[in-house]
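One structure below.
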């Protein structure tokens, strides 16, 4: 039942080929950079990555695009595949244009909700977002309350790599400011959730009212410090 | 933009006949008793009440069943309509058996999720809970990922009466311990959310990381003290 | 049946037996009523994080008189405490935990369990209204569902049946049944009689059980 | 068009004009890019709670150099601050707020807007891949959608069109379009020219706009 791992390599050692991996963070904020570096080092192939933004290019240079560049990724489910300006080509865009990586583009709120549904045992849901757009192609439409809505299915993963500010050694997580974003959702949606945390405290060190991800959702914790 | 109301009567003054009213709390914990008393005093008719438990009979005697007893309720959407023992008859059970109140019984997780969906702009969702039971009668079934699931629709309300521990004067809410329960969900799902709070503090008195219901979901606040 | 009365396990003994069944489980929800007694029988060296579906992970013992907290109860409105490492959450998250398959097990009361593991526990058939509570979600969502109930009704009616005649809580959800005379597993082969209370034979248990039991693996009641 | 160049509103003037359009709104999301400039033009006596879809309600000015917080940014990865009364939330809740219709308004950039208020703003037609970001949710969910864009492309191509030829963001979602020459409302009767930049006539604006404009209510550009 000990969830605290000494190193990042150890924590990602069983992420194998074909795994589906969710990666928390929004731009660089709340991104588990150390786990991403360890995963690149470990080097599994044909990963499916679920991540808000996959273009890279933010202030934090360690992002999921390092896995794409390393040729480890076969598919990316994301909201941001490219930069706004067509002049700047993201690693994902290049890989996709070369036919090396498949991209499933999802509206951001729908991505958040699909991940939450995956963790919550909800099979699918109807959202008004994306109707009549490329996001709705091939999807069922149903009129609810006079409004057309798309049927969207839950997303689950084999692993979630999340970043937290604090954790107790049981795995109760607290996030800080806008670094929360997708982390609590992904923590719920994976068979194995691995948290990179800045500080690990003893049980009792976090007020039960302040826990943002209860320990039931977290399987491994590695302390990173805050010096990234 | 001032959300702080001086009295409970004032805060519920526009809840009229036929309104759908969600009431936070689970047993007596987190139940907005003072708002319920004010609503009984105001006395609108033919209300639809959405509430986790509607049997009453808990430690806190001020519960939604006081509205049922006052003849103000035409329909209740709830998980708990009766006491476990058939020997003790709840006010709701008696009113339902007399044909005075219609009861829509919903599994608890489905109730929570339907309310959340209402606030989140999700039209409906599929859950495996209730398939093959009375909870599934007349509902669409779909197999998702090899599992039969029921289609359940979002719930919204005209008003939500919620109970919080602290609020700032902008309406950012913090709940305490297990008094949180349905309150944050209902706060999102109503056109007008009225919060009974123990203590109102100045803006800035609540750490932005600790806000449980952001002020965008809250329209009226009344200070109750903690002496109930 | 009257001649056997003296060897029926008490509710506390049943609760103790269920506690043993939770070995290896860590996140557990105890249903309202009889199942809540199980908490008293968890060995001191074994930590369990009890979840209460009203939004508590890490429910501890009942609050001492005078130390009750109006904002802290379990799903049955009992004044409880929390253990170190507990957390509070809203009802949606509490049920994400349940429905999403994150709990190792749940212990529920029962009126009837069928051969295929269907559970009926929320309403007596002659009652017009009932309460679903969180039972349907727990029965569907927990990875293991243990039902704790007396083997037969007070009127001697069988409760382990081919098909439930009482309103269902969930289909094919029960893993194990702990009664006052037996421990029975629901398996793909059928109901397996795993343990028998002292003084009972497999044949005795079969007489009070509608579907055929697989009895060749039956052992004496585990005493901790 | 060349002869009119000197009277095109600048991006800052457009942002100022959009700010005026937010009168009475309190919860507002500014899209990534040009719309973010609007925040600089909110009058000091008027408080707005800006939402950022990465999970901030109450975004304040950019962080001063040296005072950046690695855990605090807006949806465009800018280092920002928060105002008093702000709150943080996860992405699901941020989008519950958006999709659930809780925001008074959003300001989005645009490539094209159609007569019926369809918006295209996420991908140029010649590009294979794009980014949806949060634009689709904002366009569908906010109670008022203001589009801020230049009236025509750099090549002089009309952007306010009968039907969008670019990939759609959402159908029938736009309330008002603020361009560098006009303010136009999307109404059930059609596009209503509400304001015109200095030096322009309604007929000039019509020439650069594909669908017919209702011009009889056109007024001069509002200067604050």
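We just call them A, B, C and D in the order they show up, numbering each chain from 1.
Criterion: a contact is a pair of C-beta atoms (placed from the backbone, for glycine too) under 8 Å apart; a residue touches a chain by one contact, two chains touch by 3 or more.
Here the structure is a predicted model, which means the values were calculated and not measured.
Chemist: Where the contacts of subunit B and subunit C overlap, which chains show up?
Modeler: Common neighbours, subunit B/subunit C: A.
Chemist: Average the CA atoms of each chain to get its centre, and name the chain whose centre is farthest from that of subunit B.
Modeler: Chain centre farthest from subunit B's centre: D.
Chemist: Let me have the rounded angstrom distance from the C-alpha centre of subunit B over to the C-alpha centre of subunit D, please.
Modeler: Those two chain centres are 36 Å apart.
Chemist: Express in whole angstrom the distance between the two chain centres, defined as the mean CA positions of subunit C and subunit D.
Modeler: Roughly 57 Å, centre to centre.
Chemist: Starting from the mean Cα coordinates of subunit A and subunit D, work out the distance between those two points in Å.
Modeler: Once rounded, the distance between the two centres reads 29 Å.
Chemist: Residues touching two or more other chains, restricted to subunit C: which are they?
Modeler: Subunit C, residues with two or more chain partners: 82, 88-89, 92, 95, 98-99, 141.
Chemist: Residues of subunit B that contact two or more other chains, please.
Modeler: 113, 116, 120-122, 127-128, 175-177, 208-209
Chemist: What are all the chain pairs that meet the touch criterion?
Modeler: A-B, A-C, A-D, B-C, B-D
Chemist: Along subunit A, where are the residues that touch subunit C in the complex?
Modeler: For subunit A paired with subunit C, touching residues are 1, 116, 118-122, 168, 170, 172, 188, 203-204, 208-209, 211, 214-217.
Chemist: Please name which positions on subunit B make contact with subunit C in the complex.
Modeler: 26-30, 52-53, 55, 58-59, 79-84, 86, 92-93, 96-97, 103, 105-110, 112-113, 115-116, 127-135, 165, 175-185, 212, 228
Chemist: Touching subunit A in the complex: which residues of subunit C?
Modeler: 26-27, 49, 51, 57-58, 82, 84-89, 92-93, 95-103, 141
Chemist: Which subunit A residues qualify as touching subunit B in the complex?
Modeler: 113, 117, 120-128, 142, 144-145, 147, 149, 153-154, 174-177, 208-210
Chemist: What residues of subunit D sit close enough to touch subunit A in their complex?
Modeler: 32-33, 52-56, 69-77, 82, 88-92, 94-95, 98-99, 123-124, 127-137, 140-141, 167-171
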